[in-house]
Amino acid sequence: MNDKYILLASCKDQVGITNLITGIISKYGSNILHLDHFTEYDHDNSEEGQLYLRFEFEKVDDLKAALEHELEQKNIDFELFDSAVNTKIALFVSKEDHAFNEILLRVKRGEIPAEIVCAVGNHEDNRHFAESLGVPFYYVPSNESKDKVEEKMLAICEDHEVDLIVLAKYMQILSDDFIDHYKDRIINIHHSFLPSFIGANPYKQAWKRGVKFVGATSHYVTADLDEGPIIEQNVIRVNHRYDVKSLKKIGRHVEASVLAQAVEYHVFHKVIVNNGNKTIIFD
Amino acid sequence: MNDKYILLASCKDQVGITNLITGIISKYGSNILHLDHFTEYDHDNSEEGQLYLRFEFEKVDDLKAALEHELEQKNIDFELFDSAVNTKIALFVSKEDHAFNEILLRVKRGEIPAEIVCAVGNHEDNRHFAESLGVPFYYVPSNESKDKVEEKMLAICEDHEVDLIVLAKYMQILSDDFIDHYKDRIINIHHSFLPSFIGANPYKQAWKRGVKFVGATSHYVTADLDEGPIIEQNVIRVNHRYDVKSLKKIGRHVEASVLAQAVEYHVFHKVIVNNGNKTIIFD
Amino acid sequence: MNDKYILLASCKDQVGITNLITGIISKYGSNILHLDHFTEYDHDNSEEGQLYLRFEFEKVDDLKAALEHELEQKNIDFELFDSAVNTKIALFVSKEDHAFNEILLRVKRGEIPAEIVCAVGNHEDNRHFAESLGVPFYYVPSNESKDKVEEKMLAICEDHEVDLIVLAKYMQILSDDFIDHYKDRIINIHHSFLPSFIGANPYKQAWKRGVKFVGATSHYVTADLDEGPIIEQNVIRVNHRYDVKSLKKIGRHVEASVLAQAVEYHVFHKVIVNNGNKTIIFD
Amino acid sequence: MNDKYILLASCKDQVGITNLITGIISKYGSNILHLDHFTEYDHDNSEEGQLYLRFEFEKVDDLKAALEHELEQKNIDFELFDSAVNTKIALFVSKEDHAFNEILLRVKRGEIPAEIVCAVGNHEDNRHFAESLGVPFYYVPSNESKDKVEEKMLAICEDHEVDLIVLAKYMQILSDDFIDHYKDRIINIHHSFLPSFIGANPYKQAWKRGVKFVGATSHYVTADLDEGPIIEQNVIRVNHRYDVKSLKKIGRHVEASVLAQAVEYHVFHKVIVNNGNKTIIFD
């Protein structure tokens, strides 16, 4: 059951696409395990539909090439993944350990089928735990120019053939140039329920406003700070007894679990980013 | 967009079924709006898979007959619904009004696309509200023999060509014979998070045990009391400050919303009951 | 057990206040049923504490006068309520019925111990249901000047000796002058999880941003639109399958339950508004 | 603000107790930071009330002795804690790491103000992580008689002057005799939303029943297996796509967070166990 392909595809909505793809898969004798076909019609322009597809199906000789050939012919955007190939993740981190540890532990336990190929920290605090799990840790302090810092980090990621960068409380803003290298492949965790409390000190803002829930948001990083496509969010109820310190404390648990969930969606190939800066999560 | 067919289908897992169905749909030029293909492998016997399918697609002349013909040929279990045809619901109720009103109001608002064709009460308490919304109310007291009572209720349901019976806090146990007339078409709301607190006085049981959440469970009614396939559940946090009376009060809100959600799943044709007494909810 | 007093009090934090109050209550032989003593220290200025208190205790002759006398002497802000006296509520409503009906039905069921003394609508849509429950309905259309409209509404509220105005989807902005008449006694429901999506069309904004939860916020109305002290919030998970219409539909359920919960907190005298535009909810 | 006393007290409900205690605290010039006075009336016998109290107040010379003297005189059950004295915890564990790591990391981060004085495992799997955080790990395999095993564990706990034993997925049943040594001071995590799915393989039971949520329950261990006073519970929504393996996976996250929350309540001295096998959580 574990040796399978996962196909993510998207194109303008039209008759026959799913029949075309299932036809090829059937022809090669592969069994479809899951298939989700979702059509979105834009709210303001309901004539224009977009089709989003996710398939899981058995790995069979020659099927991959045949499928790729056909989808390219039809100008369908797609990615085809082999479930046996693990995503290679670089974890970026600053001083705090909660999100960083959560990802490392879930990968170690086999809950997230990925390989953490390296950790990059602008502080040394999290070196020990990474190394105790056999993950090489690179100390790249933020006291140089952003250009220099990012050049080093880019080199590390390239050396390790990184597929996905996870900002596990990295706390630095990446340049547009850096982001361009990993479009839709950098996942951040923001410590608020976006779009509430954009910017600095969201827990203090939350405390001042007297909200009854705090939350966290995991999103792909784009050039617009805190504006990237949201992958996952969650919230937790709080009350007047929480001061800023205890909001931060309870918030850490939400941050860690929301980031881990977002990474899990990504490495299980359950996410498509649509044009409108939103995600389709095939869950 | 609203004139569409919905197909629920199930069969032994095998290569080619979804391709077969999408082929027919495509051939008639109908566009698929949603498609969910789910394969379940039994935990104890992973060789034996079962396929569950739900399609939404455009209504096109002659497509229905062609599809029905082909699915019958292949011995696939299926139901094919026309989205323009509303489910006809009979609401059964006793004294309490909360679940009963919730269903009536959601239907009135157009949130649940169904027609409440009649209400049956073993008390008169809810007559006024039903009639104010134009729903005929039948008073069938429970002080006769169950046979007599059920005979009357069956006649009412048959007169109104009822598709679905909703027990909106009806508080009487239906006979196996009655249930047989509406297999997988009677929805009940049980006032606990099943399988916790089966039987009488679940809120008092919950209070005694000191649980930190109470809940409600909506299920199809079967011959085994409180054991039918679960459609929807939800819970709400409580604490030591809740006595039995306040558990009942907060529980009413969960009961009403869980039952309404279950009814909504049913009338949108999102539910398949599998052999193992469980539901697939295509949501 | 139901014949009791409820005391809400607040003052600068200092030694001995709770001892003073419990001393008076004990002296008169009254039993305290609940007492919550909460001290808040401002985040930026931790020297300055504020004390918030809520007591429930048995009604005993002469105790009320003694307590009021003492609290006035000590310059403690307080309100003393008799649990036997129901809050008189005016419901303001526009076309939508969900929040309006929820409040009416919870009051009718005795879940919210209040009296709905009148309903005011700027459309006629909700007259029937109000009147069917014996609540006088006043049609005050919004097509006149705001001054005129508010003058009429004020007269209605004064005639009915209204304690609390509940905006159950009233959809009009009240003038500062009107609000001044009912400081901390007008409760609104906003159809977003504030501070997200302030202003118009929050569900469309939520859809565009691709958030994974929508919510609702109930707050006291102040001169700053959508900025009043938050009493209650809640959220519900959504996904990419929700369009704006289905967000609105699921949102209605959250709106109704959040508003009802906020009204319940208010009429059970569980809310203190602090200086910083936040609420203490003694739950 | 951190140097304070916490008082938990309970007695038959009567006039004047809270006044008595606040009187002593005031007399010594100590400021009360929080006070929660809760009276419970038994559902079946509403004449008989029980009073539960929790105070936080400033540490002041001689106050402790005075208070203890008075409470003993009055035959009030109480415990008086100094917030500067950390609870000494022994963690018992088997092979799984999730609950064990969660407690260790929260203590390390200072989120749970306790000292993990030792870890006891019936397998070696978790030695490394414990020792990397400086916690001595004792390997006590379960292949000897229960008497022998428990004798060793008891000796370890006594050597380390353990206040609280946390069963972080220990997976062995403790004898009544062992439990007697730590009455209301052994916290377990059960991998279901009790009382659902008592006994073995709760996730498989949950899968078979088709429930829509799975959960976890943390409780004090008593002689009756899975029947001790519940401290904390939580649930997470699942659906038909979850097989037993994925229920276990998602369940681990709930287990870890529920256990950590229960331990937190305990070490912040927020829990009283009442006679009826339930907890009062002063949160």
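As written, the chain order gives the labels A, B, C and D, with residue 1 at the start of each chain.
In this text, contacts are C-beta pairs under 8 Å (C-beta built on N, C-alpha and C of every residue); 3 or more make two chains touch, one makes a residue touch a chain.
To keep track of the chains, here are their UniProt names: A, B, C, D = Formyltetrahydrofolate deformylase.
This one's a predicted model, so the numbers in the text were calculated from it and none came from an experiment.
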Could you tell me which chains make contact with subunit A and subunit C both?
B, D
Pick the pair with more C-beta contacts: B-D or C-D?
B-D
Which chain's mean C-alpha position is the greatest distance from subunit B's?
D
Rounded Å distance, subunit C centre to subunit D centre (Cα mean)
36
Any idea how many Å lie between the Cα centroids of subunit B and subunit D?
40
Check: subunit C positions touching at least 2 other chains come out as 38, 41, 241, 283
What kind of graph do the touching chains make: line, ring, star, complete, other?
complete
Taking the touch rule as given, give the residues of subunit D at its contact with subunit B in the complex, in rising order.
38, 40-41, 43, 193-197, 204, 207-213, 215, 229-230, 232-235, 239-241, 243-244, 276-281, 283
Which residues of subunit C touch subunit B in the complex?
97-98, 101, 105, 109, 111, 128-129, 132, 241, 249, 252-253, 257, 283
For subunit A, which residues are in contact with subunit B within the complex?
1, 13-16, 18-19, 22-23, 25-26, 29-39, 41, 46
